[in-house]
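Just below sit the structures, each encoded as structure tokens.
Paired with subunit B in one complex and with subunit C in the other, subunit A is shared by the two complexes that follow.
For the complex of A and B:
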């Protein structure tokens, strides 16, 4: 069959298409249509020829199938160590075969690839650290996802997610009006407790432009308020853009390369319009990866950098605590065992392992911080990365994937897990729901606010 | 005085008392009722799966489910909806407290009416009975009326209002609301302060001195603001504040208790111990209005 109504090779570009696809309960019709979707083998092969760079070719060629990557993969570990979960096998049996066959593959093969790409790899890039040749299967799976997306073989939620970015330029249906309104609302809701609190929109030439994750205005606007409170107490000159505020990229998870570029250019154009000295993103891993690590390349920036220095929230927070812009009341420090989730996307992918620990040194009473094992760049994915968290079709596999993180957390003995990443936060919450191990989880912002030593002049006047 | 009442309901029997009061008030005062329901808490990242607020089950929110929920609400409150001139049903997904606040703001509601607790069925894991109420009462710009016990749900119009003050800034807003209500609805108003002596052993003369001081403080703070309104009296009792507030409401056969909410503590674990407001709501035999902001009074 040519293309289906919902499952096809065309991205979602209109609100109408988006709502119609959303209306397909659980993607039932979508996946049924996928069973009949033709593979455009000529286009697939020509895309591979045009886009597959020498690095990927070399990686596929030099992989010795030695299997040394096996143990590095948490999905291999939690799935009974079956050969089908060895990273090298996963990529050779999908992308490797696709290339060998010069794109002459069928529907069943593409569906197998889809299942492998989205339920057997979270693109956490851990295997790349353990391969004797430095082959990063996560990077190759991101590439494979792009090929699958272009042929219409992508999980329903991610087709929608990418469509959301195309239609609303946000991963959820948050419009510019909704966003600006939310900023006003949050300033208003908190101005009594924090006199003088503002969330300035579109201020030109501020020191900081702040960007966030659309889940915040949509469901958790207090996160925006908390960022505002901390900037306020730190005395920062900051702003948020009315357009280009959404830093995440579900299109990156979906493999919608065109949309990835559009998203990041939208954020960069806000930087060019508002000319801040630097930009700071919220506590989110993939948003950082999309805007700061990979984004410059999607946008074709010759220096591989965003238009202004762009840092992750933990970097700003560490700086503010270090420089004394934010002061912690020592009596309010955490005095219970607490552990830290290292987000793959800004720890393994950008090396921000020490700043988070520096933050903990200010907010946790000595002796109460307990590391997960392994940790830092060796840490495992939360279990729900790369889009895994959101895909209904692979819920059961995702729940199995959470077990590694569960074991790691249980081994620490901590009941409080700090997770400065939206996706990790979600996965750990889901993990508690699924396995009920009695833990709590938190972003850094609310914890810090509770511990702040607020200067007298910033406190509300009590009567 | 109330043009638009937002009835925040899970549709469960624990909210029927609140619904009775909301609809009865709307009927008496010609107000519009917005029956507001949060279907589920989004737990699954950005997928369409949410946890149903009442059952905790995973559901996929689509048009069909939405229509079914609306139908359920419509039949649950069928007679009451028919009894008022304006009513509509609004459903959404999200964290209940946040969505109630969002709806109150976008609907420009004059009053939020809700039950105090979803009991054990609360699906939001970080929650606890009363957490939604705590968060709403803290941040709402309009007064928040809660009806917790079935006995509190009787609504025969206002006759007696007890205003309990702790002399905070927020209590000023609560006072204005109580006074305006008493004036407009022509009922008696008791200005009350409970002197907190819980856990202390105090000399009786010291207690009596403080009672006198508190009485004087009420007189100085509120009486000058009452103009020609004369149906009031002043009471100051000592004890555990929430107990004394509930007791005086019982003694006066109050139809309404008005007090301010201004706890800064929103940490579920700490707030669980219970503020005076929460305890009064859980125990009172009449609706309780919590006011923390001056906007809608």
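For the complex of A and C:
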């Protein structure tokens, strides 16, 4: 059978298709159909010829098979160091073979590739730092995911995820109306405690345009309120766009490059419309990677930069604390052991390792911050990166993957983990659920709000 | 035979080998694609070069990169093997005599004892690299016949060279075998994985540029390789 009703080579482009695919609980029919999906080998090979440039070719070619990447991979470490988890093996046995066979591969091979690409690599890019030849297997797995997606071999949740982005331009079904209403609701809800609090929508020429992760309006609207409170206390002139507010990209994890481009252009057009001095994204690693680090390339911007300076939330926060726009009440600083999760997507992928530590220097009593080991750019993935968190089919593998972070956290002795990334936050929550090690986890926003030294004129008037 | 191997064959070898490596280098750079690679090479050249040079240095200086620090034993073997492999032939007295005859000038020559030592170091290093391919499951799973073949091609000139140098067996035969195996090694450079003699620098430079441009360099943080 060539293509199924749910599992096929066509992306989800309509709400109807999306709802139907969602209705196939757990992707039961989807994965059944996948067993019969044909591989369009000619198209696969012509895509490879067009898109595989000298970098990837050379990487596949000159890999010395030395195995030095093995120990760099946390999945190798937590899976009993089986040789099948060596990064080089994982890519050579999938993309490597696909290229060698000039795309002439079958269904079983594609399904093996899918399992490897989404359950044995989180695209954390750590191996790239340890390969003497500078081979970044994570980059190649992203590329392989694109090839697999184009042939319909993609986990059910990610097919839906990229469908969501195609239909709603958000990773969840949050419409423009839902979003604007949530902003209004959150402003009203917090007005009493924070007099004058506003969430200005579509204000032209503000200093800051704020963008977020669709999970926030959908599941944690308080996160938007917290951002608003902090901007309010800092006295920022800011706004959110009614369109182009969502900066995540499940399509990036799915390998749906066309959709990635469409979504990031949507955010950039909000920048062009509202002309803010700069943009600030929420506490999310992959959203930052999608909009700020990879996005400019999808959008075809030759300088590799978004249309206006676009920073991660931790950069703004460090700046606000440094400049005194936000003041911390020293008596409220954290006085228990606390550790920090470095998100691969903005630490290893954009070098934002020092600003987070600068923030901690303001909010943690000296002597109470314990580093994980290793840390900064040598950190390990939270265990759920690259879409791994959301894929039901690979939940068991994901739970094993969480063990590395668990060990690291246990070694610090801290019970509080600061995770300024949605995905890391989710993974750490899941790890507590799964392994019950007695930890708490938090974004920076709620912690900071509790510690603020709020200026007199911003406090609610006593009745 | 000797005349052929050191005459026309040697010239052909040099042309194919060095010409081929040059072609591979040029092809590599020409085949980069800023949009598909997601690195804005040209507009951020300064950051790129800086990151690239840091990245190369971290991996050619023993124990500089974190990788080399975590694997001291391997690092010693690896550098011993590569230094022996590259330094010995270039600075060997006998090679320089030929060089002087052909071009009228030569490079400084290594004392014989040092050259012998380096050749042995290279052989022992090569032997251990081979043994670790067999011994460690994470290397064994990656290793193919091709990897062994390349290792043999790389050390053969040293084996034959040492036999000739200690004049074991028929000197003329081993000398010819030495020259032939050296030529095979040179010819293999552009066509096999041995192309890493130049492509290591290209790939390392490229990833260094990636880090220097979008992965931290422009944010003012150098990656601790």
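To be clear about the criterion, the second predicted complex is superposed on the first by the 463 of 463 C-alpha atoms of A that agree within 3 Å, B and C clash if a C-alpha of one lies under 4 Å from a C-alpha of the other, contacts with A are read in each partner's own complex, and residues count from 1 in each chain.
The rule is simple: a residue touches a chain if its C-beta (ideal position, glycine included) is under 8 Å from a C-beta of that chain, and two chains touch if they have at least 3 such contacts.
This one's a predicted model, so the numbers in the text were calculated from it and none came from an experiment.
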Fit or clash - subunit C, subunit B, common subunit A: fit
Contacts of A:84 with subunit B and subunit C, given as first, second, both or neither: second
Partner chain in contact with A:59 - subunit B first, subunit C second, else both or neither: second
Subunit A as apex of subunit B and subunit C, Cα-centre angle in degrees (nearest 10): 160
Touching partner for A:26 - first (subunit B), second (subunit C), both, neither: first
Partner chain(s) touched by A:376 [first = subunit B, second = subunit C, both, neither]: second
Touched subunit A residues, subunit B compared with subunit C: C
Touched partner set for A:5, first subunit B, second subunit C, both or neither: neither
First (subunit B), second (subunit C), both or neither touched by A:390: first
Partner chain in contact with A:133 - subunit B first, subunit C second, else both or neither: second
Least C-alpha distance (whole Å) that remains between subunit C and subunit B when both complexes are overlaid: 26
Where subunit A meets both subunit C and subunit B, residue numbers: none
Residues of subunit A touching subunit B in the complex: 22-23, 25-26, 157, 161, 171-172, 185, 188-189, 192-193, 215, 218-222, 250, 384, 389-392, 395, 423, 426, 429-430, 432-433, 450, 463
Subunit B residues within the subunit A interface of the complex: 42-49, 60, 62-64, 94-95, 98, 101-102, 105, 125, 139, 141, 167-169, 264, 267, 293
Residue ranges of subunit C touching subunit A (in the complex, touch as defined): 27-40, 42-44, 55, 59, 65-67, 70-71, 74, 133, 136-144, 147, 193, 195-196, 199-200, 202-208, 210-211, 213-217, 219-225
In the complex with subunit C, residue positions of subunit A that touch it: 51, 53-55, 57-59, 61-68, 70-72, 76, 81, 83-84, 86, 88-89, 92, 128-136, 293-294, 296-297, 300, 302-305, 348-354, 376-378
